[in-house]
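Have a look at these structures, which come just after this line.
Both complexes shown next keep chain A, but they swap its partner, so chain B is in the first and chain C is in the second.
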Partner chain A sequence: MKRQVLVIEDEPNIAEAISFILSRDGWSVSTHASGTTAVQAVRDAKPDVLILDVMLPGKSGYDILQDLRSADDTRALPVLMLTARGQKTDRDLAERLGVNRFMTKPFSNSEILTNLRELVGG
Partner chain B sequence: MPHSRLTGSRIRERRLVLGLKQAALAKEVGISAAYLNLIEHNRRRVGDSLLEALAKALKTDPAVLAEGAEAALLGALSEADKRLPQAQAELDRSEDFAGRFPGWASLVMAQNQRIQELEQMVEALSDRLTHDPELAASLHEVISAVTAIRSTAAILSGGGEVDQEWQDRFLRNMRDEGMRLSSAAQGLVEFLDAGSSEEVVPIGPSEELATFLDANDHFFPDLEAPSAWKAGARDQAIAAVIAESAALTSREAQDMARHFLLQYIEDAEAMPIQAFQTARTAHRWDPAALAREFRQSLPSVMRRIAFLPPTSDGTVAGLISCDGAGALVVRKAVPGFALPRFGAACPYWPLFQALAQPERPIRAVVRQPGGARRRHVCQAVCVQQDALSFDRPPVYEAYMLIRELDDALDGDALSHAAPIEVGSTCRVCPRTDCAARREATILSAG
Partner chain C sequence: MLTFNTLVGVCFLYVIMLFLVAFVADKRARRSKVRFLSSPMIYTLSLSVYCTAWTFYGAVGYAARSGLEFVTIYLGPTLVMIGWWWFLRKLVRVGRSQRVTSIADLVSSRYGKSNLLGVLVTLIAVIGTTPYIALQLQSVTLSFAVFARDRSAGWVIPDLEQTAIWVAGGLALFTILFGTRNLDVNERHHGVVTAIAVEAVVKLVALMAVGIFVVWGIGGGSQGISAAIQQAIQAAPEGAWSLQGGRWVGLTFLSAAAFLTLPRMFQVLVVENVDERQLATASWAFPLYLFLMSLFVIPIAVVGLAILPKGENPDLFVLTLPLYFERDGLAMLAFLGGFSSATSMVIVASIALATMVSNHIIMPLWLSTRLGVDASEYRDARQILLSARRLSIVGILALGYFYYRISGGGAALAAIGLISFAGVAQVLPAMAGGLFWRGASRSGAVAGLITGFVIWAYTLFLPSFGEAGVMSASMLADGPWGIAALRPQALFGVDGLDPVVHALFWSLILNCSVFVSVSLLSFPSPLERLQAAQFVNVLDQSGPARGRSFNAATSEDLLVMAQEIMGSDQAQAWFQAQAEQQGKQGYLPDTTPDFIGRLERELSGLVGTATAHAMIGQILGGTTVSVDDLLAVADETQQMLEQTSQLEAKQLELTTTARQLSEVNEKLTQLSIQKDAFLSQISHELRTPMTSIRAFSEILRDGGANDPEAAARHASIIHDESVRLTRLLDDLLDLSVLENGQVQLYPRREVMREVLDRAIAATSSVIDQEKMHIHRNRSDEGVALYTDTDRLAQVFINLISNAAKYCDAKDKRLAIRVRQRGGRLQVDFVDNGSGVPLESQSMIFEKFSRLSDQAAAGGAGLGLAICREIMDKLDGSITYLPGQSGAAFRVTLPIGTQSPFGRTWPSDINHL
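What follows is the complex of A and B.
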């Protein structure tokens, strides 16, 4: 059975490239572009792993991560965060909120694949 | 009464000012001359009652002898020590230092103040870069576009299987992202070079003055009234204009504004607004004809042409001036002609051709790269800034009036003239084959 990954990213061309890379690697990929409804999208999709952008319309990736970590059904979901801001303060904030991996844009495709495989233990 | 170890020095100084002998003063206050000598050389502390007696004999206040003008200096030395504790200044000997070397101590104080001012300036600049929403948005656009391009390009060139439909789709995405990147980068360059038009914190007196002039579009209606021109009323009218400005916060900027406005009043008096606006239209914005009519210099007329608001003819003009070193002094922008906010301008501007040929008016049609590629008429002249003197070399300044080429105003000769290709400043000029280039551009050729 294919592993499920949800990509929450409002940049359509980035989401499309990530989707293609992961699909070709054997993942089942779904995407979502809104920050406001992101938590509900996670609950609906029930992914094995989440790729989460930080700057999203309506709600930031940090706020979404905080919500996920404070709810029983999403607390343990592995999250790979993507951001254009790679400063130490951003990384520290993400780690305090419970992120599993933190990557800065622009990223390499192989880096995303490696991180995701490690996050789901395969 | 608290008093410093420099009290003795002040007693001695005051005694010498009054022309009193040490022995005479000692006798008057009931101590030996030897003891007074020790006090005066700061080797003995002075009790309150003796201090009062000495102050009375020296016809001054005990506080003046006890505290003196050094209090501020000592405070400043203490503040300087706190700023750089690693220097391990001998703070317990600061009174000795201030007393023995007051000039050096004043220098330390002045440098400490200067450091504080520069730190505030750096903080303001840093704050501008960190919190400017326009800059943050532009950077986010650049990074997003680069991310999409990098990831998509890696898919296409990575060797894995990509069917034709996906290839076409990814190529379209890359083209779109490339255009977006170009646009975002251009926006970033314009922001960094020209600055955002709003919410910019002025840095330094020159920028405060520029902000003040831009906010008023270089036009001051209150100074156009004859009542503001009278000798006694000028200073008051100028002070009122300056007082109303939120941009002019430093004394230096206010002084610069005062100088500018004084010249503005002189121009207004020599070329009253209504008469000048009528003549400006009648003479088709020709500075030379207006200079003849009003018997004024070309720079004065150019200022008036550029600073007075447009009338029904709708024409507007900008004005640039520079000093003899080529540094831009006045920058009144005109639509379609980019001016650098910082750094040096394009050497091909007629302004600099005029600077090399004093007293010879120069007129040229120019065109800048990018955008609508509008053509502008530039009229420039370089004049001597002050009166001729046998004691020093002449100081020159140059002015350049800029307005968009208008067939109705400029006639066939100018309308058909081949424009001189000029830039704004090298950093944002795409012409790579320019002989006058002083630094590399950050734009691609275009």
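What follows is the complex of A and C.
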């Protein structure tokens, strides 16, 4: 059974790149572009791991992460955060909120794969 | 045998002796050899001016008429002296510290240096003392007459009035010589005081000699005297010798009050006081003196009553008893005792009164005639003041003489004395209130004094002239206009009281009541309050007033003080240098005036002139801070306050500057935060396309996509993102240039229609792609422009492509309308989409304010920010128009060919 990954990313080109890389590695990838409906999308998709952008229309990645961590069904969900704002304060905030991995854009493809594999224990 | 010439000769010699004593004492005092003068004994003896001829002769008469009652006259002063710590000490301290010259000066000074009060007290004192001086002249004259009567056979009977004139003249001469020889700031007269001390001894010795002669010479010792007293009591009229409680209390109080308020007593008690410590000795020595003076009064009286023929004047028993027994030497001594009593009183009283009259009446009058005269004209003030004193002395003695002539010299000595006492006692409330009650005010003192004085005159002084005098018999009996309540000797129906007690009771009760109530109702002036504090708190403010002694101890005190102010090392060095200048070793120079002056200047630089003066004065003179000093201190304080307010103003300025700086700082911080946010935003905007580029280029590099179609697509994404990146950089540079004002504009003539055509042509690809229809009214667009039309086109391009990208209508339409309004050109771009949400309308012109959910349309969010900068530079504007069917932007421009950049731009530079 393929590992499920949900990519929440509003930049279509980036979402496409991530989808391509992960599909090729054998993941089952779904994407979502809106911040507002992201939490519902996570509930619906029930992924094994989540890739979350920070700058999202409607609701920021931090808010989504906070919601996920405060709900029982999503509390343990491994989350990899991606952001184009690579400042230390952003990383600190994410870690306080309970992120599992934090990566800045642009990233190397192998790095994102390594991180995902570690997160799902494979 | 005593001849008249002998008598006059002895008198003359005695007076010469007094002159010599006064002269020597004055001389020694001027050489600062004041040691014996500051002896408490001299001070105590000088207080004996209280014992006048009235006491010397009159006490015996008093005892002969009323028994022991005469003791009250001694009891009052005794109580005052014993209670000196409570009242006299304060009075003397105030007198010293305020450099008070008389009782009038004291009251005037206490109530804010009120000259009205000075005049009032002076008048009361003159009126109250004149009968007393007349009394002394009368007693001297009477005593001459006694000798004359007894030896009429061999004597030329002297004209009594002539005698009085001679006596008055001689006293005036003595007083002028020794009372006005010099103008001492402290009004002290060492010569006079010493002479009076000598006279005090003569008085005491004379009276005791007569007493001893009477008791053991003719009275048969103490047993004989006891028998004579029993006999006298039985022989006396019914009740005359019995004790009357009310009268005793009243008279004791009266004599105590008079002891404090009589001008001559104030002169010797306070003004002539050299050292406050003298009071302690006098507190027991003076009562002892009074006791000795009163010891033989009763024996002389009873023996006189028993032995001398009926009808003999008891007032002269002291003189007539020795004469009766032909003891000429003793009679001579008794005469000299009486003469001493009279002269010492007249001398001191006239000095005190002359000081008051000249200081409070003559000098103010003289000064008022000299208003506006240059200060140098005052050089003769000293001479004027001395002349005023001398004139006053002559005037006062003349007044006494005329009173003696008018009153006829008939009334009993004691009665006249009591009237005087009651008159001057009216000053007591104002004086005591001034010393102990801070609330006492000038108005209260004036009102109380006038009230008391008027009541005294009405109930005691005027009736004393007798029924033939000022008041008629019917007025005394029935009151004025028959109003019984106003009977002078039974005021308000209080009948049956002794006239003196009655007058004393009403005058002082009303005096006090008016004084207190008016004080409570009136508000004192600042100077009054200052003086009140000085007087009432005098004991807290200063140490005991001591003589001005220029010795090492003073110098040391000055050094101690200077160290406090200048610092130990500096003060010691300075004092050492001063001592060296005087040729002395060590740190303690002599306190010469020169040295004091330099020290004062030295300290002035540190604590201010007034304070320095006051501090040095306090140490040197034993004189405390005067009001003038205090006022000067207040002035300095005022200056300091002004400086403080200047500092405050400066501080305010600094605070303002600091606030401005903090505002600027706040702005800078804000700008810094904005810059950080901007950089963070740019970072994001750059990283986003970079992410796609990197991800897809890695995919291509790793050959991950074998599918050529996919590879082509990935390559085209890399291309698009690179273009986006480049455009972002272009926009950033463009915006940076526009914002920094470094932009170069190229204005030229063009018609609006052509500019719009170009803009639409430039956006044709996106218009086609989004299938948007543009509606124009070309006939409105033939407006001539003179501006940088390339920049204007850039704005239009931005607006058109935004409409194409962001209009969310199915059938996209954009209307472009051009019109002229109020001298300006309006170009509206209105699409048929849902428009910009209200909450975002204010933000869309900010950098990177791209509405996020439309990010997919591309663009960095700088477009409208750039538009706004361009329109600003073109002297136009761009705004969002709310309330239209869709998103609506209005661009405004100045109309016509006029250059928006002013006439300096030639119209033909469009080639630039």
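Brief remarks follow.
Assume the second predicted complex is superposed on the first by the 122 of 122 C-alpha atoms of A that agree within 3 Å, B and C clash if a C-alpha of one lies under 4 Å from a C-alpha of the other, contacts with A are read in each partner's own complex, and residues count from 1 in each chain.
Here is the rule we use: a contact is a pair of C-beta atoms (placed from the backbone, for glycine too) under 8 Å apart; a residue touches a chain by one contact, two chains touch by 3 or more.
Predicted model only: the values in this text are computed from it and were never measured.
Partners chain B and chain C, once the complexes are superposed on chain A, run into each other and clash.
Judged by the touch definition given at the top, the superposed model places A:Lys2 against neither chain B nor chain C. Look at A:Arg43: by the touch rule set out above, it reaches neither chain B nor chain C. Residue contacts after overlaying the shared chain place A:Gln87 against chain C, while chain B stays out of touching range.
Of the two partner chains, neither chain B nor chain C is touched by A:Arg96. After overlaying the two complexes on the shared chain, residue contacts for A:Phe20 are found with chain B and with chain C alike. Of the two partners chain B and chain C, more chain A residues are in touch with C. Stretch 189-197 is the one among 189-197, 207-215 or 225-233 where chain B clashes with chain C after the superposition on chain A. In the superposition on chain A, the residues of chain A contacted by chain B and by chain C overlap at 11, 13-14, 16-18, 20-21, 24, 55, 84, 105-109. Of all residues in chain A, those touching chain B in their complex are 11, 13-14, 16-18, 20-21, 24, 55, 84, 105-109. By the touch criterion stated above, chain C contacts chain A in their complex at residues 680, 683-685, 687-696, 698-699, 702, 704-705, 710, 714, 717, 720-721, 852-853, 855-856.
The touching residues of chain A, when paired with chain C in their complex, are 10-14, 16-18, 20-21, 24, 34, 55-58, 84-87, 104-109.
Residues of chain B touching chain A in their complex: 139-140, 143-144, 146-148, 150-152, 154-155, 158, 160-162, 166, 169-170, 173, 176-177.
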